[in-house]
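First chain written, first letter: the chains are A, B, C, D, E and F, and each begins at residue 1.
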């Protein structure tokens, strides 16, 4: 079993808040991340896939193919977008890094399976100090 | 003459656009950076000050003092904010990295002068691939 | 199950030695790390906590809360200190990165449990080339 | 159980191709990595070993010893070499990062075992965006 | 005057040698970089352009335009290529990082001038420890 | 004129203090950096030399030669040492990063001149956020 990882980037706006809370409650719970006029991040995304290297290529999975799946299913939806307002798979979800990592996993898994590999991990760095990793259910 | 640099970070939302343009014109000129619902970045800021080390401390300027000036004059205004809507010194300016670097220079220079040092450079990394540096007029 | 990581830094002095050894024996076993007049490092600490994101916040654990626990229990004791002489939880221990990671785990675990989360990993980078990770017993 | 990691670098040339394919077929399967006149990389290698810290040193394994094993068994064979033409343990193998990580594992395991430790992982970064990890059979 | 920098990457093979030298002389002068079967690097390229931000865009120069010039004039010629054998502007030159930086400058300057900006610096990192910068004649 | 830079590392202990001050005065002026029992850093050193590439090698200066000069004159004296107590060229100096950069310049300049090149800059990163650069008198 070999693990291969592709690193990608996207830049998005978001805020953390619950619509049923007042601005004061949101500030108390979510701090400055609740700013009603948004803020944003350079997200760093690391997608890890596992499998056996194929004898004819030496690849677990062609990283260009993996990169294309990430572009189609994740980056096109998230890059230079507002996560709360524009991303279909985050509708109705709190835009936390945890929920975003789970949403990205769900976006990526079918295409990676269809390519004959297995998704192992979605790692998302919101800042260089705040990192989330999801390994599936 | 010795140059000292303090590195800081802030996370903000912005968009690039001219209000007199249509969305189509803004898209043509500014690309996906013109998204009307915003996007954002982890900005990396490097402020360089020059001077002679003082004999009694060995410091050109106490970096804690420099860090405090940056916090008061720049980070408190920019971090977790919307650059277009909430930052006083960017009112009426296009929110490009170039203009932001110039704006930050103007915010910082009086306090650094008052501390007996000379501002040499404001370097601003919008992403790890896009970097702006301003050395004053 | 989602894993969240908070990255922190501290700068400390230490030396590797056994008091019952002569300086020559310490030099032979621990190399230049045994220098009797100390040396030091910028330690990079990554603390990983696991759990389910809470529905009301989307957080496994508030990273500001995690950061506060790390500050109170670890950074206040280690930053700008001498690990051999000033750190209560390293008394009588060899100041290796391995032992330091175990000591940090023991410092952090009760507070993280009390916050309703589970400590998963303490990763400590002494230099960018020398890294230790401890996942508990 | 504690995990220790040593990070090393080597710079090599390689190409991805199957000798029974035409240049066109190799280009279709392996893309620009099939260039018949070679290309190359700064490979970053992270070797992780696990064990209990020894009471007399506080070390799982002396990182200088681990570094020496990596130099003797891996870096001397790979650094400033052509992976396809000059590396004994890659003879007859496709020079993919996956196969290279497995080959490095096989080179390192006996010496690490002989030193009383257990090899846990070989992580190899071909570029900062393309990463492979092998944890053994 | 504002300085903007675009960071790009390419992966190439090369060797350092003089054809009139024997292998032994090349080894003595250029060390392991003279390996006749090539080695390679992940080169990191930073191109800095200077000018006044334009009032209508806030840009010194559109970084997408700069990135396109770099792709057309430099990356297409160098990425996944053999610098000694395949790069037109390096024909007859020693493939040192110094000469490569000068060659890249000469490739880039006309297109950047034509775009109304001024090339300020070409910085080329062969490894993270070996860096060359050229500021023109 | 081409600039070449060699990056090196050393790990040292130090403290900032004036012997004629009380511990309280030192704490007030130098903060936690005045800890009487020392602290330390992983210093990152970047030495930049300028000159014309030599026609016979394509080098401004052989980086292995530069690296050797840095090892002999700087790293051997500083690495795993106490800057205040063990470094000859820092005797009687406040161990600030500014003074250390100037001291390193003075150590390096004669050997670089003797090698036919010109020292341009000594850049010293005490932490990733605190950086000093000295360009000579």
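By our rule, a contact is a pair of C-beta atoms (placed from the backbone, for glycine too) under 8 Å apart; a residue touches a chain by one contact, two chains touch by 3 or more.
Just so it is clear, the structure is predicted and the values come from calculations on it, not from any experiment.
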Winner on C-beta contact pairs when B-F is weighed against C-F: C-F
Pair from A-D, D-E or C-F with over half of its contact pairs in common with A-C: A-D
Between subunit E and subunit B, distance of the C-alpha-averaged centres to the nearest whole Å: 29
Length of the line joining the C-alpha centres of subunit A and subunit E, rounded to whole Å: 34
Residues of subunit D touching at least two other chains: 128
Pairs of chains found to touch, sorted by chain label: A-B, A-C, A-D, B-E, B-F, C-D, C-F, D-E, E-F
Subunit E contact footprint on subunit B (complex, rising order): 16, 18, 29-31, 93-99, 101-102, 128-135
Of all residues in subunit C, those that touch subunit A in their complex: 1-8, 46, 48, 53, 56-60, 63-64
Residues of subunit E defined as touching subunit D within the complex: 9, 11-14, 32-33, 35, 37-42, 79-82, 85-86, 127-128
